[in-house]
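The structures come next, written out as structure tokens.
Look for chain A in each of the two complexes below; its partner is chain B in the first and chain C in the second.
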Partner chain A sequence: MTVPQPDVDTLPAGPIIKGKLSRDDILMRGGMAVIALYLVITLVLPLYAMFSKSFSTYRIELTQYEVQVSDEAGQFNTPAFILANLNQQYNTVPKEELSTGSGGRLGATKFFPDFSFRSSVMYRIRNLHDAGRFLIGSALKDDTDWHELDSNTFRRVQLRPVKSTGITNFVNYFSTPALFNSIKNSLLISIISTIITVTLAFWFAYALNRSCMRFKGMFRLIAMAPILVPSLLPGIALVYLFGAQGILKGLLFGASIYGPIGIVIGSVFFTFPHAFLIISTALAISDARLYEAAVSLKASPWRTFWTVTIPGARYGLISAAFVVFNLVITDFGLPKVIGGQFNVLAVDIYKQVIGQQNFEMGAVVSVVLIIPAIFAFAIDRLVQSKQVALLTARSVPFAPTPSTKRDSIFLIYCSVIGLFVVGILAICQFAALIKFWPYDLSLSLNNYQFDKMDGGGWRAYYNSIKLALLTAVIGTSIVFFGAYLVDKSNGFRGGRAVFQMFAMLPMAIPGMVLGLAYIFFFNNPDNPLNTIYGTMAILVVCTVTHFYTVSHLTAVTALKQMDREFESVSASLKQPTIKLFSRVTIPVCMPTILDISIYLFVNAMTTVSAVVFLYSPKTALASIAVLNMDDAGDIAPAAAMGMMIFYTNAAARILHLIISKGFLKRTQAWRER
Partner chain B sequence: MNQPKSQKIVPETAYLKIENIWKAFGSFLALKDVSLGIKEGEFVCFLGPSGCGKTTLLRAIAGLDLQTQGKIEQAGKDVSNLPPSERDYGIVFQSYALFPNLTIEKNIAFGLENTGRDKLEIAQRVAELLELVGLSEQAYKYPAQLSGGQQQRIALARAIATSPGLLLLDEPLSALDAKVRVHLRHEIKALQQKLGVTTVMVTHDQEEALSMADRIVVMNHGSVEQVGTPNEVYCRPATLFVADFIGEMNQLRGFAKNAREVAIGTTTLACNKHGFPEDDDIVITIRPEDIVPHSDTEPDPKAAQEGNLFEARLKEMEFLGSFWRCRMQSEAFDDNEIIADLSINAVRRLSLRCDQILTIELPAAHLLAFALPVDQA
Partner chain C sequence: MNLRSTILTSLATSAIFATSLMAETELTVYTAIEAEDLARYAETFNASHPDITINWVRDSTGIITAKLLAERDNPQADVVWGLAGTSLLLLKADGMLEAYKPAGVENLDSKFVDGDNPPAWVGMDAWVAAVCYNTVEAGKAGLTPPTSWKDLTDPQYAGHIIMPNPNSSGTGFLDVSSWLQMFGNAGGWSYMDDLHQNIARYTHSGSKPCKLAAAGEIPIGISFAFRGAKSKAAGAPLEIIVPSEGVGWEMEATAIIAGTAHLEAAQKLVDFSVTREANEMYNKGYAVVAYPGVAKPVEFFPEGLIDAMIPNDFEFAANNRATILKEWQSRYDGKSDPK
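Our next item is the complex of A and B:
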């Protein structure tokens, strides 16, 4: 008989087998590295540039300049002095003016109140250290030699700041109430909008999932409509309704629509579809068996609602809340149009950068804005993963039974919401077609003569379409290919994890922050990529990156549903993976690919926040034109352009639907038994 | 039996040589020092309970999940670290992994493309393969339009299309219902014999393994317990695990006496030659169908002693179609329950009934002794 061997439980010492990589492995890793590099260049490095900017301070150091002044005859009789001492004595330039940005410069003559460029006095100036810098005209002097200048030339001497690193900017930020008040404001409107939107969207989704009311399909369409317009469009409608000339102004009882009220109403409008979609999904997957159990236990409807419905939808509700919160707090267009004097973070970034050219402070506000955005993003991801777990459990879908009373209450409720959504769009369209609100209500197409207004004209509209198409095509290719590589390549765990992280990052980065980061990174003359600054290319890159995460997740979900052995079979048959990819993966995933394309198209048409920093006169966009025309007081043309975006997106969606249907029909043979 | 448990020495002539394979998932060892030789043209089954590492071993052979340590040689070539595309095998997965958007014909042709064959050649080969698996009429259908069994055969046809040297099957039949499964067993086996392709099949269904394999590799906890023909592993299990895992087995605690005798309590039995020293605790096994009923109710003591004859009381009888499962108790074995599968014929001849006392014989040739499992020692 055999004696049992002791169980061997440790790996013997010796080398671990290292697999030889196949050509496909190498290609796939290479491809992944390329796309990862793309994300590094378009996301990680710009963000890094922005962070380091927020910690950089620029100051004109007066201690490092020495100046000597001659008498009228040009003789230098008095000794040279350090500029700092001079300023201390006469205090001609206040301290605050010495803190400046990276581009800051300060005329040397400012320190000499009685300076005249016609006088015959001569000036000498030099740096005391090598670090010192000043300009004579446009020539930079950073040596320690004396430069002797007549007064006319001395007029052109500009002192340049030196850079230091530290938290000074943050200290400044938090000691300026005008700035940090925005944190409170942003949180306030985000929380209020979140509560209102989620509540409204919940009952709307509930009505559509749990009642037998009529017109469900129509309501579903209406609920999704706000996704097709820029977030600032409801702001324009609100101006028409409640502004100085508004027809419903009386309803506000003297309160102004410009401010939190307007922002909240507009935010509810543009975030509604997002909340509705998430909650609707959560309600749709909840298990009918639980309701049957509740009915058999004779639980009251009220009790059933709190013990079955709400817990079943809780992940959806939490997820919707954080998504809405994130959308509102990072939105720029709406508060810009209707915020009035009510400052919020996203607009502050814009004001600091565009208004005051204070890039460092813009970076500081960006860092502040990133914190709640990342927080909301993280919670949403956590909750989403739980929801997925719920989804996989086999459950029986709930089938509502008719009830006249309940169904009519819901019908009224949904009609009110539907009226709100359609009303906002209708007002914009109406305003666009009217000659002169509210004095001349006759119809005209004058407001469509965009070329006569500031903002980019019709060209902006065509630019937007070009951007949307390029984003859809290029973005979908990059995203889908990237998702395929990360999901299907062998081994290389670390690399894939890093890639996944990069792909998730864009969602946590507010558009304003991304746009600003792009300025810092791509507008740097030392960056060889700065040639794309101001072109359509940077707009495409920025938009693809901005909307990368959702597209990536959509692609990964579809790819995960493919048999994971396809690649193994193909390899065992010695066929290149690219053949499998093009002959099997792409056709099978075509519906998803089309979904990603339309998502990118619609978002590229409506986005404002990231591109507002990056467009140039040649690449003005429709959504930016809406913003700028509104800013310039051309509100009716702004509404007209906004509605052009709406119709374009609606048409694109219809086209998408037709193509998808057509594709499914053509491939039905292999989808159905 | 009594062959040494570990077959560390893999024969030189083997077509597929697996030498000292280890596989670690983190700190968990899914394969522990597995060595194995598979001859050319042989049909080998990996058999074992769920999680014992069968799939892991198959995937190592395929190069889909490389082993942590150890060497794999195919047709004299070291393939230990080669990617799947540089090895020579066809594979069929449990899910079949047929490409859903390609017709049956295109599925089979997939591996024939880019191999220097022209269109006509490919078409001919596809037709030949469809003929071989008996699905010629289905060429232009899509996988979803076929039954599970048909899909399975298409997957098989696709795997053998390029005439690989090795065919790997991972539970190819487990997704099918029982009847189709039995039918396909024969079909696959016949096909394999016709092609003469060396085949490795993973299964946890012992009937499948016993009926199809030339040799069975019984695995447990990441180690090979025994390699042998179906007859060997059934009749001469190398370990208690194999004895227990394959077929039914009576197990009785006892101890060794001399090389040809064991004891249960005060009863001594003659048995197969074993290597345990005297008084070692052991498990003594016999298959239910090896127990022989006798007509004489009271065997004379001497004959009883030599012939392993014992008196037992029939407690329960269960009719299982082709035989009776009888549960009995004998004072000789400390009233432990013994199961005997008796032919209908025998039951009729001895007119056996419940509660009856009868004489049973435990033939020495079928009594095996094993060491106690570690957790009972």
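Our next item is the complex of A and C:
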């Protein structure tokens, strides 16, 4: 008897072993999908709309027009002909002149070299199909009827272009020196500003972390102040300091503040806190053992500085440099106010779109601007990912020792920087209170009558507060929830990686570009979401998306500090994740949540670039009002409004501090050992 | 939880919005009128039409035009009240205007009404180019007051003149277009080549050069007369100069945007815009208005300005705008490197 051997080939396949998705997992993936969808709609699709716009061109399609010419007696004896054939025959209008912008026009008489408006010859012109368009004077003709015109009227016929696609826009851009120059200008001021800011911020941070000078707390506060004002405010201050009627005009030795000098000084002001924060963090973590080793090896302080301090802070320095570079090259407000004739990319976008209504060219400049911004962003990310564990459990924190000479040099240095920051703010406040600079220096509150100026009046100010509150509440909810889902859900690696990528993308997209992309995407009548165009909602959405990345990273960092065991414990206790989220995660992460809120609030108050294309009468904003009042020449009221933003943000900061302290006491007692 | 309350709040907000819309007709009116005049215009209009609320969208001529053209396929405005005639011609050429013959339009000077019947737009008033001259700062720099456009190319004014950039300012464009009309194509460009040598910088808005001159930032600002008169009234040491060759001007006009949901209210607004009462209202800031016999002299307005207005060819300006701006940009914007 033989035992029947199981036939390996016919054995039925066993069940595929797969972790069962719990209800919570499904919920979490669903939530992640919703937030990912939000990012797709508010970021990916608008950017796609913008890219396609940059390839959308306009050209005059000569095959669409049919013309007939009469003899001197006004009799139409010769057959009608298509304009394209005529041009092919005589080649009076070269091909380049046929490609144009959306507002392009081409006089029909250009095709008739011997045209005379005094002749008695009659002309008939018509479109061959519905897409054709031409003007007689300013009246649009888009039907296919014949229009019979005398010579004098035919002179007024202007052909209009039709849409097509191609790279003509880019060709035009790079062959127009006025536009092309801006790339060089933008890079130049960004590099100079970066070098100056990082150097100044490094020594400032060094003084605060590595010396025993006095008033450190005060200097730290002052250094952070520029973050509370729109980037245009230093521009306005510089007009009062170094303009033709400026108090310190003599310091420039006849050079004009309107131009690269002004942009660089202003950029140093508004990027200083960003560089200072990053470098300060890098300098704060240092291992005293290295310095002890340096001392015992008899290394000179100079050598120690270059072999211990700088390498220890190198990631911070590189990171700060690229952040500053990115901020300067994408900033729009400052060069607009103080740039004079010095064209930069961000202002070019504004001029193309607002001044010439050339949206296609605006999109092209945006694409050009994205390239350095993404490059700087990518390097920053690369560097940040390398900065791990400089400080180990065995490190001994470095504690500076007092040195009268060094400390007083640093005190003088920090005082100079502090004076620069405070001076910029003070001159704005002072100018805002002056009646009529420079001819009537009496004090007055006239400049606070915003309702009599451009920009939206006091309503703009209240709108800004509303926007900032909405952005803080809605933005923090979305960001934190999204960060939680991406950090704590199980499996689904591919989906989480894609989500991470979407969350990082906003940082690389300049505000101007985002705003322009929103016009293209949301103002399209075929888009069901176009109802939010012109409302507060689009401003909130745009601002949340614009500042998504930093908020997301902050949230992820905080969540990473929480052990994943919490999730396992809650699962084994059969508690739904949402309960864990609301009872444990949120209270534990409360300080971070508050930090994200204040970050979003402050940025919503000061942002200009992203919303300048999107505000409407009901939603005029304070930061835009500063821009518009300056634009109209009402510089003192612009300064007044800028300072209102400063005080509001300062108050919000103080409130944030108080609330944070309260929460820390109530919920964070476990952090104390 | 947060998400749910957010949704609830937004639902509640939209419900409030919806109810407030029902109560009365709201017109979204795009305008480039000076901000300080808006409330006065709305008040005067509401005195006779209390049921129509005006929501102003105010910005400079270039921005408003850009906004309107960008929204071509999805217009947000119901009416345009107070926008440059050249801009309205651009909108008309794109079929964006609803032709309408307002009651009483026959009372207006025909040069202020679109030639078509029914007209696509009706004019309100004219704003006229002028040179704002700060006597205090000019004295310090030792300048002599210019009397003509050609004077401004004199080397003594080098770096002392500011004018608006025609690419972003309607005033800037009317200057350029008037020079091209007065001096001819070649003459106009060669004049601007010379003038460019003296320009300190170009501003984005048309009123800024005069305000900068008023504030002493620059001795000479090429701007418009109304702004100069206002700044002078505010106490600035200004002299408003009317160049002897003649000055460019631009009209402000009103039109209904095609496809408006509030056509009836829009027509009422346009009807009002051509009345004697409305023209008296325009006269507070503009020396020239569309209704003959209404204009009273405006304080500090320079004498002889109206006679200096050139016969302006708006069709030339609108149809050649893109070409002129491109040429201007390649000539002067490209050379804007720092000195």
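One rule holds for everything that comes next: the second predicted complex is superposed on the first by the 557 of 673 C-alpha atoms of A that agree within 3 Å, B and C clash if a C-alpha of one lies under 4 Å from a C-alpha of the other, contacts with A are read in each partner's own complex, and residues count from 1 in each chain.
Criterion: a residue touches a chain if its C-beta (ideal position, glycine included) is under 8 Å from a C-beta of that chain, and two chains touch if they have at least 3 such contacts.
What you are looking at is a predicted structure, and each value in this text was computed from that prediction instead of being measured.
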item	value
Touched partner set for A:24, first chain B, second chain C, both or neither	first
First, second, both or neither for A:572, with chain B first and chain C second	first
Partner chain(s) touched by A:599 [first = chain B, second = chain C, both, neither]	neither
Chain B versus chain C as contact partner of A:499, first or second or both or neither	neither
Touch count on chain A, higher of chain B and chain C	C
Partner chain(s) touched by A:477 [first = chain B, second = chain C, both, neither]	second
Contacts of A:628 with chain B and chain C, given as first, second, both or neither	second
Contact set on chain B toward chain A in their complex	2-6, 22, 24, 29, 32-33, 62-64, 66-70, 80-87, 89-91, 93, 95, 97, 99-102, 110-111, 113-115, 142-145, 158-159, 161-162, 164, 221, 223, 238-239, 274-276, 282, 369-371, 374
Interface residues, chain C side, partner chain A - complex	1-3, 6, 10, 28, 35-36, 39, 55-60, 62-63, 65-66, 69-71, 73-74, 76, 89-90, 92-95, 115-116, 136-137, 165, 167-169, 200-205, 207-212, 214-218, 234-237, 315, 318-323, 325, 329-330, 333-334, 336-339
Chain A residues touching chain C - in the complex, by the definition given at the top	100-105, 107, 135, 137-140, 142, 156, 158, 160, 176-178, 181, 239, 243-245, 256, 258-260, 336, 340-343, 351, 353-357, 359, 436-440, 451-455, 457, 473-474, 477, 481, 519, 523-525, 530, 533-534, 537, 582, 616-618, 628, 631-635
Footprint of chain B on chain A - complex, ascending	1-5, 7-9, 11-12, 14-25, 563, 565-566, 568-576, 579-580, 583-584, 587-588, 667, 669-673
